[in-house]
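Quick one: the structure is below, and I'll ask about it shortly.
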Amino acid sequence: MTSGKVVINQERCKGCTLCTTVCPQDVLFMAEEHLNAKGYHPAAYIDPEENCTGCAICAVICPDVCITVYREAPTPHHQRLTGVNR
Amino acid sequence: MTSGKVVINQERCKGCTLCTTVCPQDVLFMAEEHLNAKGYHPAAYIDPEENCTGCAICAVICPDVCITVYREAPTPHHQRLTGVNR
Amino acid sequence: MEMVMTEPQLQTVYEHPQSLADVPTHYCPGCTHGIAHRLLAEAIDELGLREQTILVSPVGCAVFIYEYFNLDACEAPHGRAPAMATGVKRTRPDNIVVTYQGDGDLVSIGAAEILHAAARGEKITTIFVNNAIYGMTGGQMAPTSLPGQKTSSSPLGRDTDSTGNPIRMSEVLAQLDGSAYIVRRSLHDVANIRKAKKAIVTALKVQMAGLGFSMVELLSSCPTNWGIQPTDALKWIETEMVPYFPLGDYKVRDDVKAL
Amino acid sequence: MEMVMTEPQLQTVYEHPQSLADVPTHYCPGCTHGIAHRLLAEAIDELGLREQTILVSPVGCAVFIYEYFNLDACEAPHGRAPAMATGVKRTRPDNIVVTYQGDGDLVSIGAAEILHAAARGEKITTIFVNNAIYGMTGGQMAPTSLPGQKTSSSPLGRDTDSTGNPIRMSEVLAQLDGSAYIVRRSLHDVANIRKAKKAIVTALKVQMAGLGFSMVELLSSCPTNWGIQPTDALKWIETEMVPYFPLGDYKVRDDVKAL
Amino acid sequence: MQQEFLFAGFGGQGVMFAGQILAHAAMDEGLEVTWIPSYGPEMRGGTAHCFVVISDKPIGSPVTRHPAVGIVFNNPSFTKYEAEIATGGLLVANSSLITVKSQRTDLRVLEIPATQTADDLGDLRLTNIVMVGATLIAYPAIPVAAVERALEKYLPAHRRNLLPLNRQALAKGAELATNMVQSA
Amino acid sequence: MQQEFLFAGFGGQGVMFAGQILAHAAMDEGLEVTWIPSYGPEMRGGTAHCFVVISDKPIGSPVTRHPAVGIVFNNPSFTKYEAEIATGGLLVANSSLITVKSQRTDLRVLEIPATQTADDLGDLRLTNIVMVGATLIAYPAIPVAAVERALEKYLPAHRRNLLPLNRQALAKGAELATNMVQSA
Amino acid sequence: MTRELLKGNVAIAEAAVRAGLDAYFGYPITPQTELLEYLSQRMPELGRVFLQAESEIGAINMVYGAASAGARVMTSSSSPGFSLMQEGMSYIAASELPCVVMNIMRGGPGLGNILPSQGDYFQVTRSAGHGDFRPIVLAPASVQEAIDFMFLAFDLTEKYRHMVTIAADGQLGQMMEPAELPPMRDTKRPTPEWALTGAAGRERRIITSAYLQGNAEEIFNLKIQARMKDIKANEQRAFEYATDDAELLVIGYGTAGRIAYSAVEAAREKGLKVGLLRPQTLWPFPEERLSALADTVSSCLVVEMNAGQMIEDVRLATGCQVPVEFYGRMGGVVPMPDEILNAIEENYSRLPVKV
Amino acid sequence: MTRELLKGNVAIAEAAVRAGLDAYFGYPITPQTELLEYLSQRMPELGRVFLQAESEIGAINMVYGAASAGARVMTSSSSPGFSLMQEGMSYIAASELPCVVMNIMRGGPGLGNILPSQGDYFQVTRSAGHGDFRPIVLAPASVQEAIDFMFLAFDLTEKYRHMVTIAADGQLGQMMEPAELPPMRDTKRPTPEWALTGAAGRERRIITSAYLQGNAEEIFNLKIQARMKDIKANEQRAFEYATDDAELLVIGYGTAGRIAYSAVEAAREKGLKVGLLRPQTLWPFPEERLSALADTVSSCLVVEMNAGQMIEDVRLATGCQVPVEFYGRMGGVVPMPDEILNAIEENYSRLPVKV
């Protein structure tokens, strides 16, 4: 499985939990102990075993565009979700 | 054929000719010589041979409700067009 | 007229309906607004609704309809008859509330009001007189004007690229659950006029039974602004309008069929 | 974050679209307006339309959409985005004009404007966010609220006898000849979100090709005014809204299929 | 000096154009002029009228209560406007259709069988020009020739072919009036 | 005498109800009173505040620039409103959440660990009542007992079961304040 | 009855109910939505009519229909929605129908914001849409007054068959203060003799705003004007405070007037001879009292939450006898008592020497 | 160019075309429909935009959109339609967009009739819908003036980014008189630096009327007010006749002003010292000239085709220096010169002795 990684902009996160419910690898959690400046408990990426596949499912559902997704060794046929650089 | 008769309110008639074009008995004509107070040539009922059947087709098409239709010997099953007396 | 003498043996087959006031109208010669009025009046008479009915006038050639009917009536702003009728019906649910609207009034400026009255299932009856033009203001293009139709605001003929195709409003309103009875009829000949009358009776019955919104669209003529003779205008309805606005029943809900 | 170190071997799979301004939104946690925004921005980016697009904001929770997009934008009165967009598009036919409207905005007060924009075949694209409620003003009933749905103006649940059934606007607009592409999608899960994105791309392509009016209806959540958690809100879309508002293509004109 | 003309008749009798051609002619004579139609309730049928004011100074009101000249084409217009013409004014009546007679003693009345004359010329639509021709003899606000020039210049394109007939109608109207005025 | 109270905190911390219960209590004491919420842009989240004015005379403005008492529930509210409290006024701060300290020397500051206290009582939603109890000790506009009576009367039906806890919270707040005021 | 702590919007709604409201039609818009929400529950409970319309245009025309049918009816909105009601209001006015329209004004122009404002003073007081007509305009400044004016509004609109508008702002709607609600009024009343009920056993009735002929329309307009003269003679209302010996008269209505009261009080405490006139009817404007006061005061200070609109009415009423100064805030900013006090002090210091 | 006999509505439309109109959006309503009809032919001929909207609300919002995109744009309507445009106008005003809106006023209120009227004076001059804003209002009295003002309207609206309204009535629209049309103006002009064109190679542009925060909205309002002050200082316009030695000053605008001209002329012929001030801008009202004239005349007579609306502006401008009397007709009745002359004579006979 390709290995991936995500970065969550915790200050922008509103703690809606949606990403945590869709991640197939279960590497996203709500940071119950941490409150951001807006007063929300943000999502956190905890993936010690590097299970994240970079599938970007979390990014697809995040309403607040808090998640940037990276993936190792790009496969030639992978589909980028945004056309930023075209 | 049942015999009928119509009365045209010539002062209300606007001379649209519609009744004259639908009368199956051809007993309605435009009074080209006569002008009513509104400045229209009204329709006229000219039926020397009493061909009018009282079919009321003229009344059905007259947009100005100028025509009253009478019919002899009412047949029990004939349909009145208006429910005035009910 | 020698009518007086022959009267005893004669029975009146057709006379002025009671719901129609005995006054001349301001309509142009051959304008089928007059027929639509008469049919509505006859239907009201037949169902014995004259004393219960409240009529809502549009703004359009039929604006003075309140003068022509022997009914309680009010006059709505252009396009707002369905909203005004809603106000009447909600506060007087036992009355029969009828609106009468032209195509400019109903399809153009009043599109939101009719759509929502239908969607709410407002228990009113609408007589929708579609003559494919703005009659009263002198023949401008309506949303119902036919492709290529010359009007005073489409002098080269309606350009569908820029203004779209005519809107078939019965078809649109039939989509809404609240509409119980939506049909299109035409006034271009005697047979169709008779069918139109029947539809109006049914529409009123739908309201009497409280089943929801009912509307009868009537294809109607405007000889003056079409610039043709009344007889030709009827033909124009038949040959030009009917193909675009097919006659038929667009919504007859089961509870209506059961009436 | 140790990202900096690992970056060389990593490729960015998902990042903030360029058409989306890099600012936080005022939407409630879990509100799918944010997803709709992102999909629109991605679609615009993908088609390379950012510098051409003019966005028209509604009045509704998305009123400040102009702050969130990195696009030229204007803000229409409540319900009038289609008319405003018409004014923009007619005078700047080479731009891409996109409206974004809520269900109160589009179906209720703005029913006439959207109907006529669609009927005219106005070459604009509408993103229609249907959350079955008036979000911004605090959760009143919308014409799209479900039967029995409790809202702040239907405290006992929507009473269809008095207020009718929800209006399915995609179905209504699909009736009009001027509409080229009308589909309904949902934002309640990842698969559906992906489909929604595709539909938005198609809708924009329809406009690029000048084929007519295009609209993507998106079933969307309002956790705040539905009074439930964001995850439950997505479920509510799936179990309650989708059955009433079936997902699907309501109008894909042949010229669109050929795209 | 300001001179006011009221043209009135059925819609279709050309009263609007009669007024307009007079206005055009007066303008081309270098005078100030206004033309205004009756513009009333959007009802069909009934009578139509228009007002023309000609003056050598800027014109304030395009309408006056008591016009100097009334040019009436039919009975209803006659009945409606006869009383409004200014004392000492002129009433030109289309005697082909107007059966009533003026009771006023403070007016000059000119009875012109305009419809008949137009019919004789072969086109009923010339009635209005006959009336204009006649009017300008009895009330020479501008020369009849000015109207002739105006007809040449302003007759709508689709009616160009009727120019000769219009000329004749104008002359005929003038002739009728000349005879009457002289015989009076 | 007119006394103004500003309650401020996150939405959800009960600041609106805190103000309302104070207003109710004051009204039942026979005083004039107004309550008004912050009612701003329709945005979600952020801080919320409300104003209560109590007076023995008719109240003109329900808002003042410099309230006599500020009751702040969290850091953002503290930062936002600290400067606005009238000279010589009182600042009641929820020290469980507020980490900043007042720099003003012209204020009385009362630090109440209200959230902690509420948590100890078993329900975080009691924070607001703890604050009210404390406030009325340091600034006895009306007796604490008046609020107790108001709670009995005005606690919404679906929260009736929480009445005993609310009473305790009120008492606890008063107690905390009493200790502090005495120890100060 | 006892005093209850009532929120403005709710109190207004319940007052309307108790004043015998038969039907409410409205469309949500902040800051008046709570009124609609309250009635969405309350009216059906009582078997009365509540309907959320598709728009403000729908709402005002539903009001038009219900009023035609003789119902006691109202709607409410806020600035943009009020603008949309202008055409319908003009029709209702021209049909001589009673009804009550509330405008809970907000910051404008355009979408603006939802904060308290008095920016629609001209629009509210000068006409009801197009044509010569001025509705009776009530401007409550407290929850109690809002309640009382709701009763007054229905009484006046039915007495005169003349539309009544209530102009307030979000501050009043959001505020709670103690007030007393009168008991429920008996809703049974005879159907007005002009109302549409179906022409059963009587001549048909027609409600229209069309008068095709200029003469007829003019006669109708003269009738409206005569009625307005009557209303002007009888219905001017204002609240006064400390005007007896005032040298500076502060004039403000609604929220601005209420806050000005605090400032005037403070000024009095400072020993300044300042009084307050708070118009309760914006039309008819209390020009009689104002004109009388112009004889005794040396200067006027108008306070509004707009750029200066009522000031024209004050100038007209005082007939240039005294200088008329202005202090205003705009765009949703509510003035604080201290700023008004500053304005008072500043103007006081410049008072013309009394003659 | 030569003088042609032109009908008002047509002349106005063609003048707009020659002034560089890029786009017209409108909805038929008598008595302005001919304008729309003319443009339905003319604009497409020139490759410009004409669209008949679904309603006046559609039309004004299309204008809003086109103006946002930098187009030179206008709409036209008559009283009921103008009422419907109020919300959109307020938004346009609050977005500082140039555009021209015509109101060919008709008899009201309500549906009324289609006859000439000035019954919307307040509505036209006091605001553009809700909020603090007054459009520049031009009131032509002749076909030539209507043509000239169409050019002026676009110049002013673009110079100030401030909406211009043209207030006229059906008489002007229906009338023919000789007038000269200026040549076609070059329509090429730089796209305004605020217009929406797509954010290509520059920062995005936003056009909005929303200012969420009271402070921001107030700052924006102050900006509008400052601009209005500027306009007030520079754009007052009026036509004067025989005012030099006038003892009685007649004041009327548009059609009423034009007819009053005839009456004043007649009065002069009778040897009465009467003059005419015909405001050409209703806002800004020509108060400077009026206030100057108030020093020299003994009395004013306001003539309007309404129940008396501009009279308030006259009273305010003359500062109670002279009595202000009124003569008006309503509901579509156009006064005849002789009635105005009567009113002049009557007022003249009561002239206060000059001091």
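Per-chain numbering from 1; labels A, B, C, D, E, F, G and H assigned in written order.
We adopt the following convention: a residue touches a chain if its C-beta (ideal position, glycine included) is under 8 Å from a C-beta of that chain, and two chains touch if they have at least 3 such contacts.
Being a predicted model, the structure only gives us computed values, none of them experimental.
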In the contact graph of chains, the distance from chain A to chain E in steps is 3
Note: of the two pairs D-H and C-H, more contacts are counted for D-H
Report the chain whose mean Cα position is at the greatest distance from that of chain A.
-> E
By mean C-alpha coordinates, which chain is most distant from chain C?
-> F
Cα centroid separation between chain C and chain G, in whole Å?
-> 40
How many angstrom lie between the CA centroids of chain F and chain G, rounded to a whole number?
-> 35
Per the C-alpha centroid definition, the whole-Å distance linking chain B and chain F comes out as 87
Distance between the CA centroids of chain F and chain H (whole Å) is 56
Where in chain G do residues touch two or more other chains at once?
-> 30, 51, 54-55, 57, 80, 87, 91, 95, 111, 113, 115, 208-210, 212-213, 334
Chain D, residues touching no fewer than two other chains | 27-28, 63, 75, 77, 108-109, 111-112, 115-116, 136-138, 143, 162-163
Taking each residue of chain E in turn, which ones touch at least two of the other chains?
-> 40-43, 45
Which residues of chain A touch chain D in the complex?
-> 4-5, 7, 12, 14-18, 21-22, 38, 40, 54, 56-57, 59-65, 67-74, 78, 80-84, 86
Chain C to chain H touching residues, read off their complex = 59, 63, 75, 77-79, 104, 108-109, 111, 134, 136-138, 140-141, 143, 152-156, 162-163
Touching residues (chain side chain C, partner chain B) in the complex | 1, 3, 6-7, 9-18, 20, 24-25, 27-35, 38, 42, 45-48, 189-190, 193-194, 223, 229-231, 234
Which of the residues in chain H end up touching chain G in this complex?
-> 57, 79-84, 86-87, 90-95, 105, 107-113, 115, 117, 119-120, 122-123, 126-133, 208-222, 225, 306-307, 309, 312, 315-316, 319-320, 329-334
What residues on chain H touch chain E, complex-wise?
-> 3, 5, 30-31, 113-115, 170-171, 174-178, 258-263, 265, 334, 336-338
